[in-house]
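Common to both upcoming complexes is chain A, partnered first by chain B, then by chain C.
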Partner chain A sequence: MHIAEGFLPPLHAVAWGAASAPFVLHGVRALTREVKANPESTLLLGAAGAFTFVLSALKIPSVTGSCSHPTGTGLGAILFRPPVMAVLGTITLLFQALLLAHGGLTTLGANVFSMAVAGPWAGYAVYRLLRGTRAPLMVAVFFGAFFADLVTYCVTSVQLALAFPDQATGFTGSLVKFGEIFALTQIPLAVSEGLLTVLVVRLLMQSSKSDLIRLGVAKLTSGKANQEATVR
Partner chain B sequence: MSRNAKINTLLLLLVAALAVLPLALGLGEGKEEPFTGADAQAETAIAELKPDYEPWFSPLYEPPSGDIESALFALQAALGAGVLAYYFGIRKGRRQGAAAAGAPGAVAPDASAQS
Partner chain C sequence: MLPIDAAAHSSRWRRRHPLEKAVLGVGLTVTAVCLPPWPGGPIVAAATLALLLGPAGVAGRQLWRAFRIPLGFCFTGALPLLFSVGGPAGFVAMAPDGPRHAAELLLRTSAASLGVLLFAFTTPVSDVLPRLVRAGVPAPVVDVALVMYRIGFLLLDSLARVRQAQAARLGNTGRAAAWRSVAGLAATSFVRAFDRAARLQSGLAGRGYDGTLRVLVPETALSRRFLAGTAALLASLVAVTLVLKELYL
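And then the complex of A and B:
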């Protein structure tokens, strides 16, 4: 989903930058507030950022005969709400733009919007919706991460179709073209990301249940959790 | 192996299968360059849609070769994996420390600190 350096016309680049900036600024405030209010969150915040670092570095083959990478933003959005991911995702994209020539500074705004804003919010919305219907936690986590990943690539397709409409078929024709490249390739990868996010949340349930309870992800239901509750 | 560990292993195997199957089934066959990155394909698509488009800005730094680029990608993954391992290592150590301290129904120190 990394639109390469210089590959968005200046007007589009500026517009996406302007669209992303408030989310990132709001995210910085949300992040500092979280760290101040709950210093013990810092370590888990680092782990959520690290998850994005790992997953967005892994290019995985897909059924379309091309390859692409997951985003890893669903986990942090579920744990800490999406604003925090606007910051962690931006850091990841900056690292890749500056060191790997992957993505770019002129396309940073557009890439931040797809990976660090739209994806996390879409994933979080699906997660909350499923939690609202009393779906099991892991089902909600899976689909939250799945949609955070897939929506990111759909947004990239829209961004490119807006900038490069097809001569004959216009925006729609171009959207189909970019959708085939990005969204179709991404479906099995989004499944992988969903499974990996479920794995990490399972490990967190074993190692850091008190954090998950404080963040509202896990509830005090099992016997072990009740013990913790009495201590509190 | 505990039930938990079995489920975790199964999840990892599923992810591995999803990554390997497209290669094993030869889904990239018949393509000019099988398994190229989607990002590079998008650049090609832009060139088809608007042949006269010229990127108006180039990266400040570009890895001098594909190998260096791979190394930097590996570095990115290693940094992330390192921090994740540190996190889970610390949590495990805390739990074991609490258990060794002999508290009945040992609780992570941070949980008791808040009470």
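And then the complex of A and C:
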């Protein structure tokens, strides 16, 4: 799903860079404020970013039988919020371009827009919406991760369709073409990523619940709340 | 450490200023993207390859291992351009100019990828990050990137070991076991990342951590000769491409 180096014409590369810039700048301001208020959060944010980077090294079994890697955009947005994910995602994409030759520098803006902006915001919106309707945490996590993944692919399809309009039917035909290719391969992957994210959050609820409470994903159970109140 | 970064640490151009290599590598990439793919792509690719294998001293095998990844993406990405959807020739038909567009895209992306690889194979990320503050990137963002870079390698290392242990315990024998193992891997890396950050935090606190991560940046001077050579190379690539295009195409 990373758009490879040199894939987009120069004007498109610049335009997607400009479209991503406000979101990344907003994230940079949020991150700078957070670090100035709590200097120790530098290390936690670094750990969060490293976790996002490492997620792309995991191979998930796809429903179709093939294998791919998770985007981590949904999980990242649920755990660390979309503004911070815009910055962490940008740094991750830069590292992937330089260290793994995935993506590229001229296509960084387009990749940031799909993977660090649109995907996380869409996934987080669905997650918050479902949590607002008192849906169980795991249902909200599944759909958050599923939609983050799916929206990432849809935006990538739009980016490619705009860059390479179909010779006969223009942008619409090209969008159908790229959308069909992505739908065949990526809907099963989005389901896989949703399932994986649920499994990860379930494991984290058992092993690192305090971290999830600090990040606002889990709430103190009444028993623990009473215990804390007693301690205070 | 990842292979490209490991190669960059022992590169012949390691001691050169990162800005020089950025101007050359990114300059070649931008030239490849902006010039007409034919004959620009092959000309820029040939010049970049000559620099990579010649003065920069990158081993051919290492370069191929890194280059085949973007090349694979370029091939699969170019395939849809061969087809047209919903036109008068039927729902799916061969696009009349499809092969030409796909070939042009391949030429452009492969030349552009080589430019980025030239920069990546000669400049370790640890040389670039601390200098970004001087380029105007806020210090907290650079600090977060530095921590990401350092913890990232340790996590990848521990991930490989956990994966080995899971495989030894038949963790990948069935579909359900594979799912459990991957989820376990992701959760373990989350726990280890935060655990490592907490230990780093207490270690730094004991040394008077004030919120900034100070690292030693080796002093290197910008070579005007190198920059002038880069400008001359880029200008001549543009000129040769445009002249050839005018004369023969």
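In this section, the second predicted complex is superposed on the first by the 186 of 232 C-alpha atoms of A that agree within 3 Å, B and C clash if a C-alpha of one lies under 4 Å from a C-alpha of the other, contacts with A are read in each partner's own complex, and residues count from 1 in each chain.
In this section, contacts are C-beta pairs under 8 Å (C-beta built on N, C-alpha and C of every residue); 3 or more make two chains touch, one makes a residue touch a chain.
Nothing here was measured: the structure is a model prediction, and the numbers come from that model.
Undergrad: Answer with first, second, both or neither: which of chain B and chain C does A:42 touch in the superposed model?
TA: Touch partner of A:42: chain C, not chain B.
Undergrad: Who does A:96 touch here: chain B (first), chain C (second), both, or neither?
TA: first
Undergrad: A:185 in the overlay: touching chain B, chain C, both, or neither? Say first, second, both or neither.
TA: First partner only, chain B.
Undergrad: After the superposition on A, what does A:106 contact: first (chain B), second (chain C), both or neither?
TA: Both: A:106 reaches chain B and chain C.
Undergrad: Which chain A residues lie in the overlap of the chain B contact set and the chain C contact set?
TA: 2-7, 9-10, 40, 43-44, 46-47, 49-51, 53-55, 57-61, 95, 97-102, 104-106, 160, 164, 166-167, 174, 177-178, 181, 195-196, 199, 202-203, 207-208, 211
Undergrad: Inside the complex, what are the residues of chain C that reach chain A?
TA: For this pair, the touching residues of chain C are 2, 4-5, 26, 29-30, 32-34, 66-67, 69-70, 73-74, 77, 80-81, 83-89, 95-98, 101, 105, 108-113, 115-117, 119-120, 125, 138, 140-141, 143-152, 155-156, 159, 175, 178-180, 182-187, 189-191, 193-194, 196-198, 200-201, 204-205, 209-211, 213.
Undergrad: Can you name the residues of chain B that touch chain A in the complex?
TA: Contact set of chain B toward chain A: 4, 7-8, 11-12, 14-15, 18-23, 27-31, 34-39, 41-43, 45-46, 49-50, 53, 55-63, 69, 72-74, 76-77, 79-84, 87-88, 90-92, 95, 105, 107-108, 110-112, 114-115.
Undergrad: Touching residues of chain A toward chain C in the complex: what are they?
TA: 2-7, 9-10, 13, 28, 31-32, 35-36, 39-40, 42-51, 53-55, 57-61, 70, 75, 87-88, 91-92, 95, 97-102, 104-106, 160, 164, 166-169, 172-174, 176-178, 180-181, 195-196, 199-200, 202-204, 207-208, 211
Undergrad: Would you tell me which residues of chain A are touching chain B in their complex?
TA: Contact set of chain A toward chain B: 1-7, 9-10, 40, 43-44, 46-47, 49-68, 95-102, 104-106, 153, 156, 160, 164-167, 174, 177-178, 181-182, 185-186, 188-189, 191-192, 195-196, 198-199, 202-203, 206-208, 210-211, 227-228, 231-232.
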